[in-house]
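Have a look at these structures, which come just after this line.
Here come two complexes built around chain A, the first alongside chain B, the second alongside chain C.
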Partner chain A sequence: MSITIKNELAQFLIRLADSEIILGQRLAEMCSKGPFLEEDIALSNLALDLFGRGEELLKIIADLEDNAYTPDDYTFRRNEREYFSYKIVEQPNNDFAWVIARQYFHDVYVREIFRQLLNHSDQQIAGLSEKVLKEIDYSYLHARDWMVRLGIGTEESNSRLQKAVDSLWKYSEELFAFDQIDTNVLDDSDQIKTVWDNEIDQVFSEANLEKPEEFKRHILDFRQGFHSEYLGMILADMQYLPRAYPDAQW
Partner chain B sequence: MEQVPDPEIPIINLVELGVIRELNIVDNQLQIIITPTYTGCPAKQLFEDLIKEKLIEHNILNFTIESRIYPVWTTDWLSDETKAKLLKDGISPPTLGDKDIICPHCKSLDTKMISQFGSTPCQSLYSCNSCKEPFNYFKCL
Partner chain C sequence: MEKGDRVWEVFIQKKSGLAFKHVGSIHAYDKKMAVQNARDLYTRRGEGREIWVVPAEAIVSTPLDQADAFYDPSEDKVYRHPTFYEIPKEVKNI
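What follows is the complex of A and B.
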């Protein structure tokens, strides 16, 4: 089965929805593997937030698409090329520093996107954005706090965080390669990059991190459904049950 | 509806929690509007199931439940009475700006956060510097 999305606003929203769900899946992998109990609980809580947010976005998308598919169909019955999550969120939990840096980059980016959606004419989208912004503050503060703690912690923690930042950085460029679908919905897409730059400069300096050089991308854009090698493996894991037993009920 | 307890904090009910927003009669049908606390709250589905169960128990079969995100749920919807109930149950109630958080055991305000994330999405972990007991704090949202 191939699921295509026709409505332009839905095409924009699915990028957000997919990224939240894929990051949620990555964080869910950390459940019972956190460095200590409180952090384990925190990461699992954040995974729940991301899944909830993804589901609410998919409900709006389903409405816009005249309910041709359900949120579960979108989540479990699309393949890699039909997913529109950006590549940062697909990157693996190589190290706790990776988990934190990935979360931090995600939070800084989507926070500004949801801020701009606050004024959206669709009340469902504006309302959800207000909700998300309240929740995301906790996630952002958690990630920012860890960035600084690991950055100025020990030589070891700093070098591991720097390594994570360097590795993830090459996937940051595509975040700002907005297309028409993005700019039609966002108030000011340039502002997203400005907020990102200011924020990153501030936190990298607090955390003694070096900002990697701007990276020239050689991988195609997530907006066209292109991904790193990891997405296929994430989907294989996440979609195994509904694919093996279609329409299975609890 | 006041007979439906919150699944995680049974000392308060769904009306007190602010989840039940409106009860309307539309074309002889009971319409219930609910607003979830957190988008990712695992109790979201359970709220609806518990409401259904209670209505059926009272032989009310003609109803719809609609979940609405907007206006956004806020801890401002908890009354002072509800907050007092939470405190009595050992959960420190939400305070403006997450400041002056009270220990539910010894009522000291000398408390510190252990983790922003607790056993449910709506709570954080705290401990008291006076009596040294840990406790849950209901986050201000």
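What follows is the complex of A and C.
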């Protein structure tokens, strides 16, 4: 089965939906592997928020597509190239610093997107944005807090965080290569980069981190369904059961 | 306040005006982390609207080995209960 999305607004929303679901899956992998019990539960809470957010977005998408597919179809029956998640959220849980840096970058970026969607003419989208911004604000505070803690913690925690930031940084570039589909929906896509730059400068200075160098890398865009090597593995894990047992109930 | 991994006791207020209730404990390195961890562990299902966290070592409790001296003497002092008063019929909730 090949699932295509025709509606332009749905094409925009699925980028968000996919990114939330894939990040949720990554965080869910941390369940029982957190650095300590409290943080383990915090990460699992965030994972559940992300799945919930993804599902709500997929319901809106299904509506826009005249219910040709269900949210579960979109999640479990699309292949790698039919997914439109940011590459940054696919990156692995190499250590706790990676988990935090990835979350922080994600939160800064999608927070501004949802803020702009607050003004969207579709009431469902505006309403959902208002609801999820409360979750994202908390997730952001949690991630930002850990960025600074790890950054100024010990030599070891700083070097691990710097390494995670350096490795993830290349995947931030595509986030700002907005296309027509983005700019038709967003109030001010330039503002997203401005907010990002200010935020990163502030937190990197507080956390004693060095900002990696900016240069053009020519990585193929997630908007065309291009991914890093990790998405296929995530989908294999995530989709195995519903694909092997399509009638499974739980 | 000094830093380091320690235990904090968590109290949650369900609604404005109600007393804070002890719900359990958490580990954290400082006040900020303590409040966040308490929020993540104990308010997942809408349990409250405000949280207090208190370093466990700041809580002073009565000595267990002297429980007899502390509490037994109150057991046979019935006159400490206000049960010898005639309660007027009009008063319902007492």
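As a working rule, the second predicted complex is superposed on the first by the 249 of 250 C-alpha atoms of A that agree within 3 Å, B and C clash if a C-alpha of one lies under 4 Å from a C-alpha of the other, contacts with A are read in each partner's own complex, and residues count from 1 in each chain.
In this section, a contact is a pair of C-beta atoms (placed from the backbone, for glycine too) under 8 Å apart; a residue touches a chain by one contact, two chains touch by 3 or more.
None of the values given here were measured: they were computed from a predicted structure.
Clashing of chain B with chain C is the outcome of superposition onto chain A. Looking at the superposed arrangement, the partner reaching more residues of chain A, out of chain B and chain C, is B. Applying the stated contact rule after C-alpha superposition, one finds that A:Cys31 touches neither chain B nor chain C.
When the two structures are aligned on the shared chain, A:His142 is found in touch with chain B and with chain C. Judged by the touch definition given at the top, the superposed model places A:Ala68 against neither chain B nor chain C.
Of the two partner chains placed by superposition, chain B and chain C are both touched by A:Ile41.
Once the two complexes are laid over each other on the shared chain, residue contacts for A:Gly127 go to chain B alone; chain C is not touched. For chain B, the stretch among 9-17, 45-53, 63-71 or 99-107 that collides with chain C in the superposed model is 99-107. Shared contact residues on chain A (touching chain B in one structure, chain C in the other): 38-39, 41-42, 45, 141-142. Residues of chain A touching chain C in their complex: 36-39, 41-42, 45, 141-142, 145, 149. If you check the complex, the residues on chain C that touch chain A are 26-28, 32-33, 36-37, 40-41, 44. Contacts from chain B toward chain A in the complex involve residues 38-42, 44, 69-73, 114-119, 121, 125, 139, 141. Chain A contributes residues 38-39, 41-42, 45-53, 55-56, 123-124, 126-128, 130-132, 134-135, 138, 141-142 to its touches with chain B in the complex.
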